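Right, one structure below, let's go through it.
Naming follows writing order (A, B, C and D), and every chain is counted from residue 1.
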Amino acid sequence: MTDLRIPREDDDYAPTAIEGRQRHVREHTDSPLEHVASYSLDPTTLPGNVEHFLGVAQVPIGVAGPLLVDGEHAQGEFLVPLATTEGTLVASYNRGMKLCREAGGIRTTVLDDRMQRAPVFSFESAREARDFAAWLEENFDSIAAAAEETTSSGKLLDIQRFSVSKLLYTRFNYSTGDAAGQNMTGKATFAACAWIKQNYPRELHFLLEGQFATDKKTSVVNMLHTRGKRVVAEITLPAALVEEQMHVSTDKLYAARMRGQLGSIMSVTNNNGNHSANGLTAMFIATGQDVANVAESSALYGFSELLPNGDFYASVTLPSLIIATYGGGTGLATQRECLEVLGCYGSGKVLKLAEIMAATVLAGELSLGSAVVAEEWVEAHDKHGRNRP
Amino acid sequence: MTDLRIPREDDDYAPTAIEGRQRHVREHTDSPLEHVASYSLDPTTLPGNVEHFLGVAQVPIGVAGPLLVDGEHAQGEFLVPLATTEGTLVASYNRGMKLCREAGGIRTTVLDDRMQRAPVFSFESAREARDFAAWLEENFDSIAAAAEETTSSGKLLDIQRFSVSKLLYTRFNYSTGDAAGQNMTGKATFAACAWIKQNYPRELHFLLEGQFATDKKTSVVNMLHTRGKRVVAEITLPAALVEEQMHVSTDKLYAARMRGQLGSIMSVTNNNGNHSANGLTAMFIATGQDVANVAESSALYGFSELLPNGDFYASVTLPSLIIATYGGGTGLATQRECLEVLGCYGSGKVLKLAEIMAATVLAGELSLGSAVVAEEWVEAHDKHGRNRP
Amino acid sequence: MTDLRIPREDDDYAPTAIEGRQRHVREHTDSPLEHVASYSLDPTTLPGNVEHFLGVAQVPIGVAGPLLVDGEHAQGEFLVPLATTEGTLVASYNRGMKLCREAGGIRTTVLDDRMQRAPVFSFESAREARDFAAWLEENFDSIAAAAEETTSSGKLLDIQRFSVSKLLYTRFNYSTGDAAGQNMTGKATFAACAWIKQNYPRELHFLLEGQFATDKKTSVVNMLHTRGKRVVAEITLPAALVEEQMHVSTDKLYAARMRGQLGSIMSVTNNNGNHSANGLTAMFIATGQDVANVAESSALYGFSELLPNGDFYASVTLPSLIIATYGGGTGLATQRECLEVLGCYGSGKVLKLAEIMAATVLAGELSLGSAVVAEEWVEAHDKHGRNRP
Amino acid sequence: MTDLRIPREDDDYAPTAIEGRQRHVREHTDSPLEHVASYSLDPTTLPGNVEHFLGVAQVPIGVAGPLLVDGEHAQGEFLVPLATTEGTLVASYNRGMKLCREAGGIRTTVLDDRMQRAPVFSFESAREARDFAAWLEENFDSIAAAAEETTSSGKLLDIQRFSVSKLLYTRFNYSTGDAAGQNMTGKATFAACAWIKQNYPRELHFLLEGQFATDKKTSVVNMLHTRGKRVVAEITLPAALVEEQMHVSTDKLYAARMRGQLGSIMSVTNNNGNHSANGLTAMFIATGQDVANVAESSALYGFSELLPNGDFYASVTLPSLIIATYGGGTGLATQRECLEVLGCYGSGKVLKLAEIMAATVLAGELSLGSAVVAEEWVEAHDKHGRNRP
């Protein structure tokens, strides 16, 4: 057991520290670590992003587009970098973007923007919990002040309260600027809870997270009440264009969508669409997002209509898109470059990024949705994907 | 619009093609693509993994461990490569692995292994749909034969049937060897449906996917009936060890877990644990998995007990862990090396990988779970994470 | 405290026992119990139905219909007794029945029929639980024999297995003839578990119910896998008829339904229809069903289509309709009479009753669905309902 | 077809009208309608409660108790009338009430009280929907005034907004006094929507119900945000008392509960308890509630703790208990008498009734929960229930 302990140094991002770990891994495993040890990023940029740094994963990036967006923050054509190892993915999104471009582009709208931490408070009885809920409301201003002392950009918007038994679950909702804000809200809420503990006249116990913000986990409460950005992408596709480009009639497309929707109701998913996780994950890896948030961010409400003239209205609403253009991994070498490709690096860009992502998701939904109906799906995977096994 | 069209060549993975696209992106955006264009992987390995190849995302890898696993496929200590840009993540998993190692290691068990495609069949009436369901059962052997002609390693295990209205939703369940199997099962099920369409005496319509396999989307049906691997990791932690290492008593740890569990019931998540998506995503990126599957694979059932002597039994069950050690992105440059670090590259290794992943998840659950109770969580993020905003 | 103890006698259904309780209640409360004590049923029929008998609730019955059913078990026109105190309910169902009758009647189909009890088995580890799951499969015939010794009409169809942690949750599925079967399956499964405990070579612990049959509680697993009867009612309504009778166009009706469906996806219900519980509850009370089962039985999957010619296809699927025509409350005085009104009293009638109930539900869905669109809903309640407060 | 048309008269509650319908039913079916036609209630009280009145269902009432309640509205001992045909039900609740009485009684707390109607508004685009959401907030006072003109007791508390695609789903939340309030809120919201339509400067379409209040259907949104009364019942049971009365140890009781809870997570129910629907349905029928609301009202969050000294803390939270003590069926003959038994008839009594119902539910949970562990469940049903088939 002793042998395998991972070596560390005081300056753990120094070349000797990194090489020491690489040597350790090579010695104790069958891996040459040749490619993992090949990178152009500067390891001194990594504190705050990774510990026990060993090297990098090289994830291939394909570019899709141009994606034509008619947003309030994103306007015009975009080339979209997608980091993936899944054959067909880039081609499929690209195909959807072409369809949408020829239909005049995708309209995008950000509906809401909030990030939360969700402490749970415990009491001796339901009545004490109810009393505390009232106290919380009365003291909101002081609590907000305590929370906001820890952050320059975060604002406490409100505190939602959900009572059960002798417990009070809460959601402290914040606006967080261009950061995703999970750490910021954690710190601010911790300060708020410290203030509460000190000022509440009676005894209480709290946990900083009661699983009501469901960080890294999809949930109904987040889908209903927004976590991160709530953003819509919409388009109306002419029937003739769909027929020409996707080789399906819009009524068949609609009938298929209705069957898929009933399927998602019965199987009980967080997503009545097709594959939002594909495009989002590829953009998340490329642009330095916290990729684990795909678990939450890929949640989707799809809504479509077959119009009387046969045209097809399609929309996706992403209710819990957790992204940043500042902080986290967004400033690392390739990640920053990919944000720059989208014109989304740095302050004041996060809603633009949200709109581009939503538009990308919609393009991908239409592409795969059509392929399934046209029975071109398996064929496409045979051409682009690895069907070897 | 014309200007932004992405250039392509016949040999689209040739240096000229790649450079052409890089030039195109540099011209039309503000990105230098310096780091994106720096990679050691060989682009001729990329057909089948990405289209419109532009360069790579360099995702930093930290190494955690050693992780002591007492599995049926994974035995002994492992160094775990985690590709992430989230500060604290590697440190947190590392801490959990240390705790579990000192408790004697994590026992892992694979319970089930199946991958599916889920066609929906449409009829004129519910009675016709019911007749077809019966026919499907009677003709299972022929259908399986048709499906299996398309694959050397896949086997059709059974066809689940879910009736509603005049529709029949199905799940064609396969074993898929070391591949994740989504493409394999797509192709096989398409062949099966072609056979069905040809041989069923009456008219029917089908869609290859009715959202009952919920590819790239988490769902109750997949959590109940397994998609990919169903794998458990378990440990019993001595009370004194938890106190010493994590600075919490096991009864507080348990009380916190019960509050978290009620929180997840009320918020309605697919995961009554803490943050499985963190460790899984980092391993998925490192080892060339289809990272979009994190949406499904991070689903988790946690179950813990406070034993009469104060020891703490903890377990995680991952009901829909979709992974491969062969095919997809597993053979790419850094991805293969990371699989080699785990001794999991190639044929016959996928259950070993499943066990290591489940053990990693459990270690991470215990680490974060304890930190929340010990109120060390915010502090850890202040130290390792980027709390700048 | 002593004073309020409820008096009991050896023959607790004898007049003196009943009168003793009535006197006791009158003495200790402000209630005259005049009407509660007025009934025509014979109390000696009540053992097995109620303890501490005090009198009856008189629930008014309205009759709706005729309901025209084109089923496999129910054929022709039916007068449907509905026991309710909610104004408008009978009128609304009646209106829907008229519409459906003029459209040629409702086609009904029973898709499945099974009742279950769901023991959970506990072990020391996940591997032991997995071993037991295999043993269960191997010993199915003996287990079925042990179960079936306790019942003349129940048959054990299969045992579903859901593994998690060191536990195995099961569903013992039975066919139960004309009884609802909850007691029958409880008794049979208890016998099966006793046999298992005696014959399984290693230690195990079980609980007869692990909340995987979710008796008296709606659940996804019951909706997917059927509890009680799975029954469909379908109809195709001519556009002109809908316009004439319901004062709405079918495209508006369809658009409204699509909004309602998205609403039910977002609010996360067990029912994407309108008000199945209304009709079912009224029939359950009238016909002596276990009314608490409305919690489960009102679960509904609705599926509708707007046909190219403007006609409207509508269907409801009730996946967990728990009913009986024998046993329970079906033989009591008024309950039996109401079953007789439907021609559904006694053996061999339960599928007929299932079809009539599904048809009734569909009629009610169409009536309320139209009223909401035509904005006649509030008006109807003003006329028939009690809007006094 | 003509023959079966149900006869009606101008005064449809007059003896001749009723007898005409009874004759009609007797002629066209095999039912004597002897008992259905036997009732003591006065049919002239029925307008507003039922149409096409035919007679009554006589549902046997058993009385359980005394139930010792330590509430804020209900104080002391109560005799609880339960209308049911299910053997064992009254006995089981009675047993639980005895246990709780000897433990000092059940503490009850009403946490919230609100009823809603949920119109959905449709627009041309997501941006228009977002604009309208803002307008709605700005004009709240006028909207509330318009709504409240239709009712003397209802108050519009707030309007929750849930955006998706080009739609805005809302929940108009009201306090409704002693009425359940579904009709009141329907009428008030219709008036509010009429005002909105007239005053909103742009075009909009609305449906009075978008399935976000999920009337007669259980839903997550109602469980999170309350529909009707949100009420808790709590108790701490001494270990020795549980052992003595229920023949189980509290640690076994707790272990069973944890298995049941995981079962309900996996099976995905609206209720992690045992059988709340049983007691609630029986009280709903007895006291003239809208029994169809059992579908919603039986939703339950259970939370229990095994205390260090072995005592057992148990609680139930009913988040969507829809009841009235005024209006609806509460004033009918037997229904009013049963409310009087509880001291809950008329104005100002509805919170008292809520507390008694929650306490009853808790007593029933503890009784069945113990019986399952003590394996006395099947036995009890053999004794009291009808196991004939």
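The rule we apply is simple: contacts are C-beta pairs under 8 Å (C-beta built on N, C-alpha and C of every residue); 3 or more make two chains touch, one makes a residue touch a chain.
These numbers were taken from a predicted model, which means no experiment stands behind them.
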Note the shortest touch-path length, in steps, from chain C to chain D. 1
Same or different: at the chain A/chain B interface, is the fraction of residue numbers used by both copies above or below half? same
What rotation angle takes the CA atoms of chain B onto those of chain D? Round to the nearest 5 degrees. 180
Centre distance in Å when chain B and chain C are each reduced to the mean of their C-alpha atoms: 39
Averaging over Cα atoms per chain, report the distance between chain A and chain B in Å. 17
Can you tell me which residues of chain B touch two or more of the remaining chains? 162, 164-165, 167, 220-221, 224, 261-262, 264, 266, 268, 272, 301, 303
Quick check on the complex: what are the chain D residues that touch chain B? 220, 223-224, 251, 255, 258, 261-262, 264-266, 268, 272, 301, 303, 305, 308
Quick check: in the complex, which residue numbers of chain B touch chain C? 72, 107, 109, 111-112, 125-127, 130, 162-167, 220-221, 224, 230, 232, 234, 268, 301, 303, 315, 317, 319
